[in-house]
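Just dropping this structure here.
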Amino acid sequence: MEKLNEMHIKFLSKSSNESFARVTAAAFASQMDPTLEEITDIKTAVSEAVTNAIIHGYEDKMGYVEIGAYIYPGKLVMEIIDRGKGIADIEKARQPLYTSKPELERSGMGFTVMETFMDKVEVTSGVNQGTRVKMIKYIGSSTEKMGR
Amino acid sequence: MQVSSRKRQDVLVVSLKGELDHHTADRVRRYIDHRLENPTIKNIVMDIKNLTFMDSSGIGVLIGRYKIISKRGGKLGIINVNSHIDRIFQVSGIYRIIKNYDDLQQALNDMGVY
Amino acid sequence: MEKLNEMHIKFLSKSSNESFARVTAAAFASQMDPTLEEITDIKTAVSEAVTNAIIHGYEDKMGYVEIGAYIYPGKLVMEIIDRGKGIADIEKARQPLYTSKPELERSGMGFTVMETFMDKVEVTSGVNQGTRVKMIKYIGSSTEKMGR
Amino acid sequence: MQVSSRKRQDVLVVSLKGELDHHTADRVRRYIDHRLENPTIKNIVMDIKNLTFMDSSGIGVLIGRYKIISKRGGKLGIINVNSHIDRIFQVSGIYRIIKNYDDLQQALNDMGVY
């Protein structure tokens, strides 16, 4: 499928960059003429993945969070990447309500929310190597969605 | 993120305005917990009419406040939930412990304030 | 001076990314609590530099435009970089009304507009190597501005 | 970017809404030039009240339209200029050829439409 557009961002793992990441993702995706609801879906999923990179991936250390976004006809692909501590057991991590940081009042619902608002969520991770969350969202007419 | 509140008998009505994420959650948490130092507060109603964004960090904030208030035998209610945030509440199962009221009046009545 | 935050973006030299670049720059700069006027100044200057990278740097070819943004206390530094054809005579290029593309109805006012809205504009360029435009804007109280 | 227009005798009043940059300039240019195929149009008034952003690409668009209309002995006027865009007009020296009118009435009167 033809790639129509592409962007990459890289920013410090500061919590003040969470809203920056959301706005940037929304601004890029807006080229696809999404509905307001689709934009909010994308913002929410990106917010979850970026927050995870900051609080779980890098914990109290400073590092770079990267986002890659790719537009294909009717399809948005987003990757959120950190070079932090990684996830030992991905299956367990993705379970609803599982969190390794209850002391920070995390709810363990991050991955579930990503799955709710995106059409596909793929996680690859290596301990001490970092984590890559790849998310796909189909945007546009239902015929396009059916042809996916 | 702007937080404000008022007291109606033993109910603290908290209004949130802006975006609630991991970054802003801390301010909301500290604001409410400071108010909860007043032991005459038993119940909380969160008015999220002007909350323009929330991710799962908001769930953590609500569960945390619920834990405090339920120890006092109180309830945590929520009003003016938009469809997007409702979806997050649904998937997280939070409606098992927090009630979504139609409006402030209904919430207050249910908490014994008339 | 202590660097408070940092971000990098990289996107294809498509004109539809001009507004994306402006929104992203504004979203990042908004952490500095700028006035609405300062935000518009930044958007305008970024728009000029990114447009130049797209139409002069890469002309009809496709390439990557990069933006780096750095926040210091009271000071925003932005760099817009392309790996395109470069500028042979920078002094001439910066003159008001000079344009190499009058046939595209360019006005030759891009650099002048950047200089109007930013506190400092530095251009480095090499023929067939690309161009880097570094812009500085002081944000915040007048005392901070005086101490710059 | 939305462009609309109406004709008042020999004046084309063009309204711009949205952001005018290099990307959207092309649409504006083609829209106006298509209208200018009507030879009875002699003057243009650009109403930029709802123009939320403009960079120097806008200067190019205006100078290009001025060239066409001045060959017909007409004028190009502009109304509802905000302070930010005014600054761009100032530094570009465009007020030497394009007049900034207080309002539509003044522009039309100056172009002989009452």
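In order of appearance the chains are A, B, C and D, and numbering begins at 1 in each one.
Here is the rule we go by: a contact is a pair of C-beta atoms (placed from the backbone, for glycine too) under 8 Å apart; a residue touches a chain by one contact, two chains touch by 3 or more.
Being a predicted model, the structure only gives us computed values, none of them experimental.
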Fill in the blank from the handout: Take subunit A away without moving anything else and the assembly reads B | C, D
Practice task
Starting from the mean Cα coordinates of subunit A and subunit B, work out the distance between those two points in Å.
Solution key: 27
Handout entry: Chain centre separation in whole Å, for subunit C relative to subunit B (CA means)
Key = 43
Handout entry: In subunit A, residues with contacts to at least two other chains
Key = 16, 19
Exercise for the section: Pick one for the touching-chains graph, please: line, ring, star, complete, other. Expected result: line
Exercise for the section: Chain pairs that touch, all of them, please. Expected result: A-B, A-C, C-D
Exercise for the section: Going by the contact rule at the top, pick out the subunit D residues touching subunit C in the complex. Expected result: 19, 21-23, 25, 29, 53, 55-57, 59-61, 63-64, 84, 87-88, 91-93
Problem - subunit A residues within the subunit C interface of the complex - result: 5-12, 14, 16-17, 19-20, 23-24, 27-28, 30-31
Handout entry: Residues of subunit C defined as touching subunit D within the complex
Key = 15-16, 18-19, 22, 37, 40-41, 43-44, 47-48, 51, 54-55, 96, 104-107, 109-110, 112-113, 116-117
